[in-house]
Amino acid sequence: MGTPSFPAKRLPVAALLPLKRLRAQLAPTVADGLLSLGLLALIAWAAVQLGGWAIGRADWAVLQLNSMLLLVGRYPLAEQWRLWLLGALLAAQAGLSWGLLRAWPRADRREQGQLWPRHDRIAAVLITLLALLLPAALGLAGALQGRWWLLAAVLLALRWAAGRWGPGLHRRTLKLLGLLWPLLYLLGFWLIGGGLGLAAVAPGEWGGLLLTLVMASFAMALSFPLGVLLALGRRSNLPLLRWGSVAYIEFIRGAPLITLLFIGQNILGFLLPASISPDRVWRAAWVLTLFAAAYLAEAVRSGLAAVPRGQLEAARSLGLNQAQALVTVVIPQALRVALPTMVGQFIALVQDTTLLSLIGLLDLLGMARGIMANPEFLGHSSELYLVLAVLYWSCCAALGLGSRALERRLDPRSLAGRP
Amino acid sequence: MNGTPWWRDRRVLPWLLQAVVGLAVLVLVALLMTNLVRNLSAAGLLLSWRWLGQPAGFDLSETLLPFNASMPYGRALLAGLLNTLRVIVIALLGSSLLGALVGMAAFSRNGLLRGLARVYVEVVRNVPLLLQLLFWYFLVFLALPDGRAALQLPGLVLAKSGLYLAGFAGGSWQGPQLLNGSWQAPLQLSVEFGALLTGLITYIGAFIAEVVRGGIASVPRGQWEAAGSLGLHGVATLRHIVLPQALRVIVPGLTNQYISLAKASSLALACGFTDLYSVAETTLNQTGRAVEVVLVLLAAYLAIDLLISAAMNGLNRLVQVRER
Amino acid sequence: MLLAACGCANDSGGGVSSVRMAAIRSHGQLICGVDGQVSGFSSVAADGRYQGFDVDVCRAVAAALLGSGNKVDFRNVTATQRFPAVASGEIDLLSRNSTVTLGRDAPGGNAMSFAPVVFHDGAGVMVPLASGITSLAGLGGKPICLLSGATTEQALTDGLRRLNRRYVPLKFSTIDEMFGAYQQGRCAAVSIDRSALAAQRTTFAVPAAHLILPEVLSKEPLAPATIESDPAWADAVRWIVYALFEAEEQGITQANVAAKLAEAKANPKLAERRQSDQCRRQLRRDLSP
Amino acid sequence: MIRAEGVEKWYPNGFHALRGASLTVNRGEVVVIMGPSGSGKSTFIRTFNALEDFQKGSITVDGLALSNDVRQIDAIRREVGMVFQQFNLFPHLSVLENLTLAPVLVRKRPRAEVELQAMALLERVGIAEQAEKFPGQLSGGQQQRVAIARALCMEPRILLFDEPTSSLDPEMVREVLDVIQALAAEAITMVVVTHEVRFARQVAHRVVLMDEGVVVEQADPESFFTAPRHERTQRFLEQIL
């Protein structure tokens, strides 16, 4: 392998000519040069193989024919407009938030006043390209393609509008806009599940990416407050709360998720009275929630440990009671410290939803496994695996990117007032 | 100090809070347990371990412990546990090696190597393990050719029917041989085992690489410079100066990864390998003893976790002591 | 006879003897566990409706109990989940091509209460024609793909043991993956109920390239199951299933049921009819609080 | 205003921090507490707003006897402001939000009104132009001045200072002490734990020496520094002067 060195010790390569720069990067020594050659050959070989496969042998019909199954599972056709509506609302809200973030930078932001910083321009172009090219590449029907375009258009239009007129909005209005997210969350569950005037769609009929996202977002939203409570319990100086939290957290963290899902599917029925028989999807959702809460609690705990004791004392000495002090002073700081770890847990949670396919639920992976088993598509599972990998990777990577952006945004504040 | 009503007394309040929470939990647990006992007795399934001694009636493949269908459930579960341990031990060594190499590659002077290490870590960590296991099993290992066309490397043959390794047999070194159209070798692994190992090693390896990278990065830059000024070259610096210090940070991170490896090994059933979880599922199916089977599972994995924690704590103490 | 049987079952539910039936009534839905992925037995059509033989049994029970075959909450349960789901009371009825066995019926284990057998199946083995294997004996020492937890596993073990042969079991948690591995050539044979083998073979690219061996390894009588602790509910299901048999024998269908009923009423001397009326009155007396 | 009698405190680890400390502070009085480190002076003033509990003795603050009644503790904390050695500003809130948080939340006053008052206070401590910044962007001296403004924003009747200048760079000590001195001129009751002799001489109405958990000596600054009666005071003064 190449000779290790501390990265900061690298040559000031930017000053060198491109060729020299390349040489400094690839072949600082003869051995490194040989290694680089080998690696280059390997990469070239892989690229040729993959390219040849993608152009020649890959058959994307398996995706075209099953795109709706993969997206929403067996969700009734007549009710799918609800999902598109939800998609449009989400796109609108995302565009709005994005634009407002840019319109209201923190006082110390570098990009202040810049409506379209460079990253945003790149993102906008990417979104446009994806919306235009991907549906076409998959050969989706015209009506479906149009809907994807509409979603992208809504997102970008609201991004622009919010960035343009956002600064003129009153502070109070902005606070209200922040409430839109939880509102949209509840609205989303109503649109997906029905009831209250809409035809009910049982959880058993949700599937594919829809089920994956519903499960992941449900577990994220609910495990968050649970995790914070558990973390507070674990750091409490009341022995019963502390030991209770410790026991719970360690029990959950000691067991593989699959055994916990197993308990949810096979044991829960024995624990509940016969009159209560929650749906299998909800059981799994709650298991995921309780599972994620334990891991989140550990992340939050490390955050709480990083908040100096003086913060609580200062808040109490100002007359805030314990709850007020925790909510307004301690927890916000703890969460900021814990943010990277927490997002790591959320990424793990998205990945963990694939285990639902092992207990007979048709999440994205479960749906794909069903499709792959269809002899009609035998020999074309590579295409499905690739698309699934890209989808999951994008979800996880997007979460990671988002968290890093959020960290940066919070950064000036995290230069804490500690001496 | 007197005359304070008890519900506002700060000496009483913490206990009150604990009592309320404790009582709520107690009531909940009592309710659940009452239901459990009632439902179990209604189904005639009250806790009993007699079934452990009854013949299992199913066969297991690839066990370390000799097993056939007439042996009891208890032995089947034990065989499954041994298989799980085998996976964990081998994957643990493999992923540590891979992780260490990739983690150190992040500090290579070779830009290409650095880039590849980064891409590997970013790709593998963000794709679910289960998907990767299915990929390795169905797309890679089951696509291997068989018989004469099998992939033949020195001392190793990869075929759809299994992985064949050279080894000592009957006192002499023997490589894989083709006999009557099927391969024979001193060491044979099923492709299920191979797929599971490959998946676990590459997945956990990526996480370990991050731990190692973080550990090395935590060593102050002055240490590299000091070593360089003493005339040590890169590899020697890494081995003698940096790694011993980095281990202090790496070992605790490794513990977490090893435990998550142990838990992840329960996904074996996705690629058809007979591990503890898979045996437990079959056992549940035959006996209907859901509660007992889950208790066995939880106890086994908890014990494995504790074992790893204890071993790693020992290692940690060793590393930290040497530092002083 | 059909109506009579249904009537009996119907009335017994109103009393206190069956907790479960009362629960189903108040719930307004029958929770029925099915596989959901075996074509012919239970699968989901493109419009999202469940269809198949197992599904129809669920619908018949719901129709008898609640007056509509649509008042069913179908739950997909895997082979592992099915019996705990019944025993724990999660599902009211299991109609998931499940074999009746002594072990599953006897108290102490998967204590189920089985309704009459609705389908007679048998475990079988399928091999690729190209392998040249024509009988069970040819499978000695070979890897065989199995469904984890199915009765076929035991049948196969026993069948080969009689021939003094062993085999390498490769267990999968879903039918899909089992056949996937088989088609990729991982195992020399695949074993499950012959009905499922036949159904799956039709979906293969070249069905004729696969041979279902002549040996029937076991009798696999498939039947719906209910929780053992509620005999009244088990009785109701049993008689609803009998009513289905009777209706099929007498050619009663949804279309002609009104005509048949009128015919029966026109002939009051019909012995069965009287008998069933008695049964109904008796039950009312027994069950009224 | 404050009347502490025979206060005794043991920490959970058994350390006997206060061994019968007594002190009376009158309305509008500025009392400076001095003493070697570990003498219990910080612990002592932290018992005044119930940040520390105590096992024996009694404390009366503004006519209210400190008890274990949480409602009473909250009432006392509302009337007693505190400035800490480590500033303890809330790093995730802007300077202005640091000031307005408690009045809005605890006193339920309208935000707009509190913000006006907060700006006036920031003006008074000389950092109004920093109102939108975050504590992490300010120097230590500025942070401590914000902390004082934050305490004042609750309109307390008593202000406690727990070594307000001990973690400041030397050049910043002056600006903070100036602010405190200006406050003293407004006849706010203050108890200041500090090592600043010059400050004590100029501002204090009374100087108190604590050692080993008891009040050893109290006197007006002049006699305290020039004619200490107690032998332990003399020793202490020899060490710091």
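Structural remarks
The first chain written gets the first letter, and so on, giving A, B, C and D; residue counts start at 1 in each chain.
We take it that a residue touches a chain if its C-beta (ideal position, glycine included) is under 8 Å from a C-beta of that chain, and two chains touch if they have at least 3 such contacts.
None of the values given here were measured: they were computed from a predicted structure.
Chain centre most remote from that of subunit B: D (centre = mean of CA atoms).
Mean C-alpha position of subunit B lies 56 Å from that of subunit D. Each chain gets one centre point, the mean of its Cα atoms, and the points for subunit B and subunit C are 38 Å apart. Each chain gets a centre from the mean of its Cα atoms; for subunit C and subunit D, those two points are 79 Å apart.
Centre to centre, using the average C-alpha position, subunit A and subunit D are separated by 47 Å. The set of subunit D residues that touch two or more partner chains comprises 70. Contact of a single residue of subunit C with at least two other chains is seen at positions 80, 84, 87-89, 173, 177, 180. Each of residues 266-267, 269-270, 274, 358, 369, 372 in subunit A touches at least two other chains. Inter-chain contacts occur between A-B, A-C, A-D, B-C, B-D. For subunit A in complex with subunit C, the residues that touch the partner chain are 74-77, 202, 204-205, 265-270, 274-275, 277, 279-280, 358-360, 369-370, 372-376, 378. In the complex of the two chains, the subunit B residues touching subunit D come out as 1-5, 8-13. Per the touch definition, subunit B reaches subunit A in the complex via residues 14, 17-18, 21-22, 25, 32, 35-36, 39-40, 43, 101, 104-105, 107-113, 116, 122-123, 125-131, 134-135, 138-139, 221, 224-225, 228, 233-235, 237-238, 263-264, 266-267, 269-270, 277, 281, 284, 290-291, 294, 297-298, 301-302, 305-306.
Subunit C meets subunit B in the complex at residues 79-80, 83-84, 87-89, 103-104, 107-111, 143, 148-150, 153-154, 157-158, 161, 166-173, 177, 180-181, 184-186, 227-229. Listing the residues of subunit D that touch subunit B in their complex gives 53, 58, 65, 67-73.
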